[in-house]
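Alright, structures below, take your time with them.
Shared between the two complexes below is subunit A, which pairs with subunit B and subunit C, respectively.
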Partner chain A sequence: MTPPEFKEQPLLLDVRNLTIRLNSAAGLVHAVEDVSFVLREGQTLGIVGESGSGKSVMARSLMNLLPRRSVAQRQGSVVLSGREISALSERELQKLRGAQVAMIFQDPMTALNPVLTICVQVSEPLQQHLGLSKQAARQRTIELLDAVGIPDAANRVDQYPHQLSGGMRQRVVIAIALACDPALLIADEPTTALDVTVQKQILDLLSRQQTQRRMGMLLITHDLGVVASRADIIAVMYAGRLVELAPATTLFSAMRHPYTEALFNSIPRISDPGHTRLQAIPGRPPQLHNSSPGCAFAPRCQYAQQRCHRETPPVVVAESSIETAKPTEHLHACFFPVAKSASGEAN
Partner chain B sequence: MPAKKHPKIESRAQNFARALQQVFGRGFGPGFWLAVFWLAIVAFCAMFADWLPLRDPLDPVIANRLDGPLSGSLLGADGLGRDIFSRLVHGARVSVVIGLTAVTIGMIVGGALGIIAGYFRGHFERALMAVLDVILAFPWLVLLLALVAFIGQSLFAISIAIGFLWIPAYARVARANTLSVVQREYVLAAKAMGASTTRILVREVLPNVILPLLAYGLVAMGLVIIVESALAFLGLSVEAPQPTWGGMISEGKRHLATAVHVALIPSVTMFLTVLSLNFVGDRLRSRFDVKESNL
Partner chain C sequence: MSDKPVQTSPLQLRDRGDIVLRIEHLSVNFRAGKQTVQAVSDLSLDVARGETLGLVGESGCGKSTVGRAIMQLPPPTAGKVLFQGQDLGLLSGEALRQTRTALQMIFQDPISSLNPRRKVRDIVAEGLQIWGRPSQQARVREVMEAVGLDPDAVADRRPHQFSGGQCQRICIARSLALDPDVLICDEPVSALDVSVQAQILNLLEDMKQRYQLTMVFVAHNLAVVRNVSDRVAVMYLGKLCEIGDTGSVYARPAHPYTRALLASIPDMNPLSRHQQDGLPLLHGDLPSPANPPSGCRFRTRCPNAQSLCAEKEPLMQAVRQTVQNDPQSKATVEVSDHFVACHFPL
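Up next is the complex of A and B:
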């Protein structure tokens, strides 16, 4: 249920025709192909896809974080609050990173520097971007740690990362990201490396902080279940392309792309009887070295026809979406969209 | 553990001590502390040689010539009747000073080059590694003789010459460690939070590279002491009357048939010192490795 006021919210992030090719030993990798989407202030965009579908490369390229040497080609535009990212100098980017856009990474075990205390790591961006004094930054750090649910924060600040559990470390990582009240938070698989029991806590924490601070959030995950209840809009990526994009409720009630359907069917359901076979997607995601024509999903698609192997389907507006959705909000890239509705019970 | 009452706020020092203990574990074993004890003695001698109640190491007393240990003086006298114990204590100064300065020079110059090469990669790295490989491939003794002939035989000059020899080794260690550190997510995370390149190098990379460098430094110091004594043995270290361990061995070799102790005592002293350095360095290094895998 996209609240109607989002329409009025100003644009936060506008990505148009983003294409990224990376150098690798085996040649060019077409990591991201022609991806476009918009994100409004306060909205959450969930990006879903298998490993290697270009989610992380896309996320990192938004703030020009990919190593310059490995990027062979970068096309398209990324506009953040009215500023074109690729036109900024490295120095301007440094001012933007952390202050305007913050990132949370997948593995909290390696996302914190093992030889610096929590205090130093959290207060560093505070001192740099907000110009706080050391004392003020320390005070603010304790408040931040408190806010992300770290018990006994006054004591924890002087500890080192190895003294904290994985969930606690991810909370610290979130505290660092939130330190300067960014307008956009990019969470790159924030719960993948955590225990299942901690995952929900971290996701709830992120949602809560997002609502409080009215941040825009890019929530990247390979788990459709994670974004189902937390994202306003869901984008499904496959082989570097956006294959379906729709408001969360529309997506689950009227998914069009066979890949989205396959992803959805592969979520195990608690209501299934025992010993039900998991619905895996047959085959493997494609290598992204050569862009042969045709839909990248065609080899694994149960509905694939001749045309799917010959032509690359363009991104089109879903025709005759069900009543509730505004037609322009539902996009997909498939010649033969499925019309099945996913019988309601998205977590 | 609810029994533990809610703790008062610990001081930063307490936290630091506890963190150290958690990372490194408790206790290094008696061998380690024995080695540390020996090194402490050597360091003490080097620092306070002038103020210790010793005989003049340069004063020849012909009557005592080639005296054995415990005959009049503690460790006997050498071929010119000079007190061996006193010469050992003063010789420690040369070994320690050269060991420290040479290793420091190698660590700072080599470490900085290695970190920069490992972080920026590209042409600079390739050029630097090529130059370092050439230095490594060059016979070190020949290079050292040339350097000493060129810049002289003062304590400082010899430290610089030996330190220069250590730059390639340090650069390689620093570069290798930097390469692995740079791949860690916290470097990317720092960049994503807007850290500048200098800040990343100083705050993220350096503290993670310095530990293995320091541990390697102890092992390197042992080798430096041997290199220095090799120079002294050839008569190319610090000028003659000043006692050095290598010089003492060199002088003692003339009396090997009649008075073994003249060469043996400095040899054993040096052996123990280098052994201790290696032992301590090795132990520390293995602890650091444990830490890496714990993360």
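Up next is the complex of A and C:
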């Protein structure tokens, strides 16, 4: 398949045909199947999927963070700024992680070490990767805490994680991630554990930092609303596969995959009157233990036909890329893509 | 702040014959070490028959505690919970347990609220067995079918064989078995997959019609609450800040906190990205409920706060609106069923 081309920016991340199978007590789990995409410098790619769609496994595998014993199979290539990740030694990877690529996880409570001060935790990558002295690292830490919106950073720096609220802890996690000016930031459900008001603050902070530092960002979430107004490109995953990928505006104005459409329609809207009947998707996401042929969404799909249950649809370029103004591509994996516009009014 | 809570006049309580649940001046305190945390402070609201009341707010605002206090789990520190005119706080032991069968609850995590060692059939039938209700088998079949579970296929299985959505259906079946009047739902869909949430929300709506339920729906997702509720109550740090008809509250929020909450909802429109910064934003985090701010509890984060807000706690008042026909006139009318506790309502 051909990844979408954004001519303006140099390539940052090039993932091709990534397939990951994990060992589990119940057998082999097909966590990620043949996923390809590219990310250019300064771009945000939103990856949307439900739990079990493989989005987190995919994100972790980009930096080889999956426990070695649990990975049964890994195919495909991940090229970061021209270097193939799977060819690197553990030592070389260590140098990459935290310096060129940083990650933010869902739960800020467990991402921080409870017995170390904020200063020690933010300074660590500064001393490790940038070779700053303890004194310089401390100064830089205070600046970073300030940049991520922690009030009274000079005093907060000596506090422990338990003395901070959830939103503040996530800011500390972001400060650690930004410490070495990474080229790529992987944010895996960065706001799921937070309240809506704090969620907005954190997402705004990430967007601002990303623009300032011209980082590439992978924003992984289960919430279409989180990526809608913040991602340049949105990839939708279902059962380990990429089912649709398009620039955000194109995706919302002309979604092609029935799953994207169903997901979009099942979400309650603020703008709808009360007691509006929701268009629920029947059934539930599949287990990933067996690799039965056919489209994984077919059993829940209202448009499914015979062929969908027999063959796995390949990722293809949407034939009616109506957005002719932009040199972008709209990809989907469906034999019978939906044509009508599902969105329309704003939320 | 003085130890005695300021007695707000519960303007928002309605004088109607069909009030099923009435909460007056409810306070719930918890001990946390040497401190006392006021989880709920002087909260009054009511729910009419067949109505769904949505209870929203950030985590730690006391919304779940209200749900539990209604069930007397644990009993409130102060205030009354009246169920069909009966003060639940005055009942004890057997009488409370008897009355409480009419109030049922479902919880956020459907998997951990089911006993993993029991069969689905026994889980759903437990209430019926305890109370020795007649024709238990038939009732179990009926409620299981009502929630979309095939009794023949699932009755002998155990919870671990089901997905989260299915487990929530089992929880709903269990709560309906005793034919309750009131269903209290504490974040019933927030642990579920996005694609399954709509199924459960539709199911709750169907069950409400079929069994003539009155519902209290506690949730942090404002879009979900918009969909299910007739009235909505917004809580902040244990206090009620705004209550009223859902359409009115969402269309014209009168409390700065409600407006900020609504503005925080992620926008589904990708074209709106450049407009976002214009919206009022809430700064900072929730203050500690052990040591709430004086006066209005929201004032520390409120963009409109003035000195009065720190001195005096705002009382609940009816929301007023300028007369629509005549934009020139300064005359205002009270909006029916919309109340706000703010010195400077929007």
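Keep in mind that, in the parts below, the second predicted complex is superposed on the first by the 329 of 347 C-alpha atoms of A that agree within 3 Å, B and C clash if a C-alpha of one lies under 4 Å from a C-alpha of the other, contacts with A are read in each partner's own complex, and residues count from 1 in each chain.
The definition used in the following text is that contacts are C-beta pairs under 8 Å (C-beta built on N, C-alpha and C of every residue); 3 or more make two chains touch, one makes a residue touch a chain.
Not measured: the values here are computed from a predicted model.
Engineer: Superposed on subunit A, are subunit B and subunit C clashing or fitting side by side?
Structural biologist: Fit - subunit B and subunit C, as placed by superposing on subunit A, sit side by side.
Engineer: State whether A:Glu124 touches subunit B only (first), subunit C only (second), both chains, or neither.
Structural biologist: first
Engineer: I'd like to know which partner A:Pro282 touches here: subunit B for first, subunit C for second, both or neither.
Structural biologist: In the superposition, A:Pro282 contacts subunit C only.
Engineer: I'd like to know which partner A:Asn113 touches here: subunit B for first, subunit C for second, both or neither.
Structural biologist: A:Asn113 contacts subunit B only, not subunit C.
Engineer: Could you let me know whether more residues of subunit A are touched by subunit B or by subunit C?
Structural biologist: The partner that reaches more residues of subunit A in the superposed model: C.
Engineer: Thinking of the overlay built on chain A, is A:Ser51 touched by subunit B (first), by subunit C (second), by both, or by neither?
Structural biologist: Only subunit C is touched by A:Ser51; subunit B is not.
Engineer: A:Ser133 contacts which: subunit B (first), subunit C (second), both, neither?
Structural biologist: Neither partner.
Engineer: By how many Å are the closest C-alpha atoms of subunit B and subunit C apart after the superposition?
Structural biologist: Least C-alpha distance after superposition: 6 Å.
Engineer: In the superposed view, which residues of subunit A touch subunit B and also subunit C?
Structural biologist: Shared contact residues on subunit A (touching subunit B in one complex, subunit C in the other): none at all.
Engineer: What residues of subunit A sit close enough to touch subunit B in their complex?
Structural biologist: 60, 63, 65, 69, 93-99, 101-103, 105-107, 109-117, 124-125, 128-129, 152, 154-155, 158-163, 173, 176-177, 179
Engineer: If we count contacts the way the header does, which residues on subunit A are in touch with subunit C in the complex?
Structural biologist: 50-52, 151, 165-168, 195-201, 203-204, 222-226, 228-230, 248-249, 251-252, 262-264, 266-270, 272-282, 284-285, 300, 343, 346-347
Engineer: Per the contact definition, I'd like the list of subunit C residues that touch subunit A in the complex.
Structural biologist: Result: residues 58-59, 163, 165-166, 193-199, 201-202, 205, 220-224, 226-230, 246-247, 250, 260-273, 276-277, 281-286 of subunit C touch subunit A.
Engineer: Any idea which subunit B residues touch subunit A in the complex?
Structural biologist: Of all residues in subunit B, those touching subunit A are 6-7, 9-10, 12, 15-16, 18-19, 22-23, 121-122, 184-186, 188-196, 199, 203-204, 207-208, 211, 291, 294-295.
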